[in-house]
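A, B, C and D are the chain letters, set down in written order, and residue numbers restart from 1 in every chain.
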Amino acid sequence: MSLLTFVHGTMSSGKTTALLQEAHNFRLHGLNAYLLTAAADTRSGLGVIRSRIGISAEARIFAPGEDLLAKIAAAHEKAPIAAVMVDEAQFLSRDQVWQLSDVADDLGIRVTCYGLRTDFLGRLFEGSAALMALADELKENTGVCASGEKANMVLRIGADGQVLIDGPQVLVGGEESYVAVSRRAWKMAVSATLAGRPALRAV
Amino acid sequence: MSLLTFVHGTMSSGKTTALLQEAHNFRLHGLNAYLLTAAADTRSGLGVIRSRIGISAEARIFAPGEDLLAKIAAAHEKAPIAAVMVDEAQFLSRDQVWQLSDVADDLGIRVTCYGLRTDFLGRLFEGSAALMALADELKENTGVCASGEKANMVLRIGADGQVLIDGPQVLVGGEESYVAVSRRAWKMAVSATLAGRPALRAV
Amino acid sequence: MSLLTFVHGTMSSGKTTALLQEAHNFRLHGLNAYLLTAAADTRSGLGVIRSRIGISAEARIFAPGEDLLAKIAAAHEKAPIAAVMVDEAQFLSRDQVWQLSDVADDLGIRVTCYGLRTDFLGRLFEGSAALMALADELKENTGVCASGEKANMVLRIGADGQVLIDGPQVLVGGEESYVAVSRRAWKMAVSATLAGRPALRAV
Amino acid sequence: MSLLTFVHGTMSSGKTTALLQEAHNFRLHGLNAYLLTAAADTRSGLGVIRSRIGISAEARIFAPGEDLLAKIAAAHEKAPIAAVMVDEAQFLSRDQVWQLSDVADDLGIRVTCYGLRTDFLGRLFEGSAALMALADELKENTGVCASGEKANMVLRIGADGQVLIDGPQVLVGGEESYVAVSRRAWKMAVSATLAGRPALRAV
């Protein structure tokens, strides 16, 4: 029953809410839920997982290069852990995902990772690719496009409200910088931008 | 893309949180999410959907015998509905589930129903059985047993804290009256009770 | 890892092919896959599971009222069983589904049941309802409607090629007697029949 | 209803059987199922999709660099296509997966891709990574490990029956060259090999 699960979805699809609900369920029973989030994302404050819907919880930070098997094993020795939940899992390195698989396989602790599937150009993040490769279970949290369709892609939006199609893969931002859209809406906005017709935020 | 979905799970598995998150996502885009909950469950106040995690939203009520296709079609005519979300869907009648399938098939509106799968004796509720028969998609929201295992059954608890194995199918109550457990824990508690050995809440 | 799974779908959705493939995979490794099918369905010959795609395997029979926990425990004692696969699982009684859950929970043997979800009037079969209530995992095998849409309902067809809307729930037959259709096509055919306009097989 | 689906799994998990069953279902209704397989894999003969369980069907070939939107659009113009099914989808390029997403989004044709998830070192293939990024639906076909556990990794086996941990990503071979195992069994075999203790095929 100890499993590595990847709950993936676009921005605003409710991944963090689902994580906080899951942690709440464990704690109701007095079970120790160990929460981790990325140092890269400081929007909620370092060590806080906060959902847009208005709930939050304290969490440990995972830093680039940190050995997560060692970190979790040490915590588990002090106070037995019933489940590990990782937010912003797209920022895990491939090595860290293997370490989390060892937490499941060797320590027998269930690990659930919540994160973005793809970046603003439809490419998997490093952590997402490793989880897509190794997780025992893949679950999609579906967002909603302004069209009412299911959103499974994300557009990056510049300060002027226009769609951006280049830049670094990681650029932390909220709803002012990214918008979740259907694949069809994404293709239309990106094609228009490539053709020199500015695509407005209002896809 | 218009679909009838049944999100089922035990008490405290986070179904209502998931519903409220989904409604929030639609409303962020200015899309009209039409919320329904049962008249039978007045714990949150009539016309309110409230999650244990501390969030809530207003909702319309569905009453026994009410024609939900007519009700939703009338509302849709006044203000176009992007999606319907139903809480406490186990209390729908079989006819009402067929009506909701017509909302999906004839009005082209996506309908997501959130509800309990089974009662305290492991039997489907009427609404749950009809949704299990007709929904395009079945998704499980998993709860947690005190053992740390996945919870997919529910025990009914009496005022004295002991497991009850008879009584009416519907008896609205909260965490003082019901506890979500694994199937294995459920069988142990029910066997003990049948054998005259009182099973305590602490399964 | 020992689980009770229900793989449900309409006629001709490939359930039996999936069962035979699964059994083949176990046997490749020298693992003992224990196959069961209903006495009610003698189309393939008693004790044979046969897929329309042209493959088959020998199987034990489950009869109404038979205790499946006792039957499987006895076989397991002679030759350890790695997994149980049940075809035509809609014909299981509610008690037999509980017994199969005991095979998973008490004997620690994985059980996968393959069967129809609903009858020709969109009602769960007894075995399907109990599996929908108790299974750890529900998976849909999707069929295809003549319209190209996903088929999740079934129409019963009379000798004259017309849609039937009454008769006993169980009436064993093949592709001459049943046709898998989308919910939309099912509603059109049944409405037409109710209205006295014969709905032809060619939905 | 037009969708891009990725059915992934290890070798011997029954992906090809599932593809052939799906094609069979479409053809039963006189619907045109367009089958594609990789030029790279000539084990079944060029232009044949063959399942280990003993069934097969003719297929078109996709070659590296070929434009699959143009290819399928041309075929669709001659004879309308109801669904596209792609075997050995791990060998698709990233561009070809985008083209298949256009077949779904622009031509409105459902596309189902069947392929390996990861190579012998637990890394996504190029086609698998792009499908994991873009598909509307991800489904796992689970194989079986010799241990009886679910198999979701694959080991490469040399001529001497020992586990190989280097070599090119693509090296077409059958059951003599690859073995599907659980993640736990994979880690044990690879660790042993790294430690200079030859891991035999018999994991």
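List of remarks:
The rule is short, and it goes like this: contacts are C-beta pairs under 8 Å (C-beta built on N, C-alpha and C of every residue); 3 or more make two chains touch, one makes a residue touch a chain.
These numbers come from a predicted model, not from an experiment.
Common neighbours of chain C and chain D under the contact rule above are absent. The centroid of the Cα atoms in chain A and the matching centroid in chain B are 27 Å apart. If you average the Cα atoms of chain A and of chain C, the two centres end up 38 Å apart.
Residue positions 1, 150 of chain D are each in touch with at least two other chains. Judged by the touch criterion defined above, the protein chains form a single closed ring in which each chain touches exactly two others. If you check the complex, the residues on chain D that touch chain A are 101-102, 105, 117-118, 122-124, 129, 132-134, 136, 138, 140, 150, 152, 183-184, 187. Contacts from chain C toward chain D in the complex involve residues 1, 12-14, 17-18, 20-22, 24-26, 28-31, 52-55, 82-83, 110, 143-146, 148-150, 175.
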